[in-house]
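In what comes next, subunit A is part of two complexes: it sits with subunit B in the first one and with subunit C in the second one.
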Partner chain A sequence: MEKVLSDKRIITLYVLPGLLLIIGLIYVPIIQTAYYGLMKWDGIGAKEFIGLENYKTLIKDDIFWKTAYHSFLLAVFSALSLIIYLLISIVLAGKIKGADFFRKIYLIPMLLASVAIAQLWLKIYHPTNGILNTLLGSFGVDNPPSWLADPKIVLYAIFIPILWQYAGFYILIYYAALKNIPESLIEAARIDGATAWQIALKIKIPLIMNVIKVTIVLAVVGSLKYFDLIYVMTDGGPNGASEVMASYMYHKAFRGFDFGYGSAIGFFLLVICLVVTWLIRKLTAAKEEITY
Partner chain B sequence: MFRKAHTLMALLLAFALVLTGCSGKEAGSEESGSKKTIKFMHLWPAGSSKQQNLIVQDIIKQFEAENPDVKVEVEVLENEQYKNKIKVLSSSNELPDVGFTWAAGYLQPFVKGGLFTSLDDVLEGGLKDSFVPGTTEAYAIDGKTYGLPLELNIAPIYYNKEIFKKYNLEVPKTYEEFETIVKTLKDNGVAPIALGNKDRWTGSLWYMYLADRIGGPDVLTQAINREGSFEDPSLAEAATEVQNLVKADAFNKGFNGLSNDEGKSEFMNGNAAMYLMGSWELPNLTTNEEVPQEFRDNAGFFKFPTVEGGKGDIDSWVGGPGVGMFVSENSKVKEESKQFVKFFVEKWGEQAVTKAGVIPATKVDTEKVELPQLYIDVLNELNKSTNLTLFADVQMSASVAETHLNLIQSLFGNEVKPKDFTKQHEEALAKEE
Partner chain C sequence: MKTEAKQRIPSVSVDNRLEVFSHPAMQKASKGILYVILAIVAVFQIFPIVWLFLFSLKNNQEVFNMSPFSIPTDPKWENYAKVWTEGNISQYFLNSVVYTVAAVILTVILASMVTFAITRMKWKLSNLALGLFMVGLMIPVHSTLIPLFSTFTAINLVDNPLSVILSYTAFNLPITIMILLGFYQALPREVEEAAVMDGASLNRIFFRITLPMTSPVIATAAIINMIYNWNEFVFVNTFISSDQYKTLTVGIQNFIGQYTTDWGAIGATLMISILPILLAFLILSNRIVEGIASGSVKG
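Right after this comes the complex of A and B.
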């Protein structure tokens, strides 16, 4: 086996299918997107090269920056929600009764398809028949808000299902990481008289720091390019009050027939995500790696 | 090392060729033996549009029987998927020989890209006269017609007779009477009008009617085709009237966050008294067995009332042709395809309304067909109509339509002043000139 794997030709042969798929399905389209972004193109007719014109429009496009702000808000909320998920996982990973049961409960939203989640929350938020407003009504609230129609509330109303959707995923990651910490370390700390709080803060969290960093990147980048629930639940409305960068890109390209501009937004979004990933890694870089 | 790089390059090239080979399927159609094949794509799957689907199959069967050397190959997709696939196919120049398209603004990029062929020669020889005036024109660009419309829709205000009777209300003739009805219903805790404005074109209907009744039939159309201006005072006045309705709580709660289907259900389950929608809803109010008989018996419609001092008359309608058929410019069986389209439109006109409840764009003789009364009434109104204004978002180019629809949502949400509403329209339209 060793001999086979040291043969460069074999290595090439084994790596090639995956490599070609990734190049063909991800990198080539990225380059194409960058190329289309330099064109004035309605998606059907001839392309006309206009250089960086699309990007100049983009920089001055107030609506784009508004959607960028919305995406940024979502990223902040997702990152903050990680703290709650971490707390929940620490409790679950401690030896409490029914931990297994709760872990499954938290994971279920992740197993649902986005569109199903959207339908579920559309019913919850329905202005007259929804669970939420019926509940508020029974508490005597006279005129409960129309959650998805009020431009001041809609963005936050839609953040809740988005965060809820991914809660299980992060809890699962943290849970697995926490379970990986050798019992002997915690045992030793306990003998030295550390409280549960101290153990969590000084031992458990530093030991899974690498995992936490990864989840921060996942949560932030995932939020910046977020699309599905927004598309299904509000379609970015009313009048762009819940529009994010990805849905704006979709609307420009596929509704407004402006594929050139849409591609420019898409490519810009990619650049933003790369920069943010790099920034987060830079900011969270550890001076020294902690190991068990 | 050098040789290895070569092998790698060769391998990569080979894979690249395989990949391109996959997508490089023969465009259009091929001749198999002596038989010619017409590729036909439509958007009525057997599941969701059963009646239409059956009619299409029937027409194809008849066509193949009459033209034994031609075969029609069908591909069916659901509406949204259809729209997406057409776009993808056209960017790679692989359109089917015959397919469905929408009018005016939607059609434009396809015609400019030289993808659809002119159907003027098909319309010659009497076919044009069988269409309701104004329908084929919606498919004309620079004097040439690129699509044959199959459907025609007008938008009446449907109302619930039972609710009207309960509060002693009568069908309004003037806008003033209409406002009184709204107020009465509101005071009695009934939502006057069902609206789902997440879809935005639903609110656009209300705005279009008010613009028509206040400013007359041409003002909106001319503002869009740039013979006039969107800053015409009557267009701002129509916007003000929309906001007055919103302020009077005329629409169901939270309409800006509800889809058309959710809005419609407020009317269908008797929570709301009125509903402005296209005549494609007629089957739900007459023949659809899934809707309770009692509700269907109580459904009526009236024409949008006239506004006092306004220039519009009550027989002017907002509406337009729905889908139409195109023939691909690059088709290898263009002649056969044109024949097929002509055959299809004629047969469709005979069957559509009686079998599927779809009002065809060709004229229907109401004396000769068996139909529910509500249909007969609508068809008769259609024959009396003085004007048909095509849906605003269809008239506009895609990007202006987006602006229009977003502004409609803001207008209904009281977030934009009528003056800014018209000004932003004018700017968007002027930019495209």
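Right after this comes the complex of A and C.
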């Protein structure tokens, strides 16, 4: 049996197609991105090697740092929203009838295309016929802000659909983790006189800390990659107030035809994603594994 | 219920103040508040979609002159018929179906083969191969976009459905393998090992035994893939320029650009684009929940 199960021919036949695809379409392009980042290139003509020139420009590019700051803000908002999701999940995972129904309802926005979500929220934010301003009007707010046209507000306005879209995803993850906690542990704490609040804070949250860490990574790295929603809702506007790293890269390369500079941004984005993933894991590394 | 709670409170001594909260009536009241909170969240999550459905059935007169919350008195189903026949929506829809189905089948088969080789066969580099697939989960699509575009241009695959299908497959392989992996590892190997003993070939074992035995997780992986592919935007937006090859996500962008003031048409277009996902959710919600959970936190 050993011999059959280590048949090199079969292993190659089974692994190679998938491996070639991810090497060809994910890993080789990353190396190319790093390489193109050293070029002056309009995407059509010849590439001209200019060394680290694009990266020097990048470091001095105020607009790039503004987009990085926007991405950073969205990452912070996303991480903070995890607290809300966690609280809802703790409520949901208590003895709630219909918990399954609720978490499924919450999940629906997450299944829709970001493009459709963006179009829908453009309508929700519509100055005269959207539901938001109509609702505010009925509460007596006659002069609501122009949500997506005001550079000071636009990033917050864009974050609301993001909050809406991902709520069900994180609640689902937390709910599953909370349901995995043995009931006996919680029962024991209850008998000892712990309040529901204490049980949540001192028992439930520490026990699912590993899952919480993973969700922090997912939320932060995910928000560094936001593109579709912003591209459709504001296209980075007004005047760059909602431009993020991914959309800036896209605009530089596919509209400005500066593929060399776009590649430098793309590579920078990759490095940031990997570093942030590593950093969060390091910072939140468990001192000891929790086992029940 | 409330009066009952009030009557009890004075009789509780100061030392036992906390006992008030464990009084059944009090517990019922706080549970009630929790339900109200959960229900508000549910309304926040679901209402925008209901509202979309409402305005997809209105004409502009109703949209601009009546409350956005009003129910359309005379539902304009013709909005759907109009966008379906005008403006390529049926073509985009068909393309979305074809790309989604092709990529799902390709991804699930390739991922199953890889997972089979990694969990069932013995080879030195299996951990390295698995590592390559798993690291792929962390790579942002945008960091690969420019080289993919230039490579597809060089080999004449730009503006060709194949570029989209191959990209979907490559970028979904990692998460699909991740979903399959847990199931394969938990699945007893006895049946497969017995077949090896009986002298069956590995190909036969994979196609006749392993694939059928893993069909529940294949269904889960397939539905997750379907959702991802159906909703994908940036690959199609970058690689495809002809209208005849565009998918719904990109197509509705153009279409809505032309119809910026016709809310009914926009609503109907968006409803058509999300309907397959909503239907899949209605029928397969358990599988979707399971797939999202197993594809996200096993790290």
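The rule we apply is simple: the second predicted complex is superposed on the first by the 274 of 292 C-alpha atoms of A that agree within 3 Å, B and C clash if a C-alpha of one lies under 4 Å from a C-alpha of the other, contacts with A are read in each partner's own complex, and residues count from 1 in each chain.
To be clear about the criterion, contacts are C-beta pairs under 8 Å (C-beta built on N, C-alpha and C of every residue); 3 or more make two chains touch, one makes a residue touch a chain.
These numbers come from a predicted model, not from an experiment.
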Simultaneous placement of subunit C and subunit B on subunit A, clash or fit: clash
Partner chain(s) touched by A:L74 [first = subunit B, second = subunit C, both, neither]: neither
First, second, both or neither for A:L269, with subunit B first and subunit C second: second
Partner chain(s) touched by A:A246 [first = subunit B, second = subunit C, both, neither]: second
First (subunit B), second (subunit C), both or neither touched by A:T234: first
Partner chain in contact with A:V221 - subunit B first, subunit C second, else both or neither: second
Winner by number of subunit A residues touched, once subunit B and subunit C are compared: C
Subunit B versus subunit C as contact partner of A:W164, first or second or both or neither: second
Partner chain(s) touched by A:I199 [first = subunit B, second = subunit C, both, neither]: neither
Which of subunit B and subunit C A:G43 touches, first, second, both or neither: both
Partner chain(s) touched by A:D258 [first = subunit B, second = subunit C, both, neither]: first
On subunit A, the residue positions that both subunit B and subunit C contact, one per complex: 8, 24, 43, 128, 254
Interfacial residue positions of subunit B with respect to subunit A in the complex: 4, 7-8, 11-12, 15, 19, 84, 87, 90-91, 109-110, 112-113, 115, 197-198, 200, 252-258, 262, 266, 271, 397-399, 401-402, 406-407, 409-410, 413, 415
Sites on subunit C touched by subunit A in the complex: 18, 21, 34-35, 37-38, 41-42, 44-49, 51-52, 55, 63-64, 67-69, 110-111, 113-114, 116-118, 120-123, 129, 132-133, 136, 138-151, 166-167, 169-171, 173-174, 177, 193, 196-197, 202-203, 206, 227, 230-234, 238, 248-250, 252-253, 256, 263, 266-267, 270, 273-274, 277-278, 281, 285, 288-289, 292-293, 296-297, 299
In the complex, subunit A residues that touch subunit C: 1-2, 4-8, 10-11, 13-15, 17-19, 21-30, 32-33, 36, 43, 88, 91-92, 94, 96, 102-116, 119-121, 123-124, 128-131, 134, 164, 167-169, 172-173, 176-177, 195, 211, 214-215, 217-218, 221, 224-225, 227-228, 231-232, 246, 249-250, 253-254, 259, 262-263, 266-267, 269-270, 273-274, 277
Complex contacts: residues of subunit A adjacent to subunit B: 8-9, 12, 16, 20, 24, 42-46, 122, 125-128, 146-151, 154, 234-235, 237-240, 251, 254-258
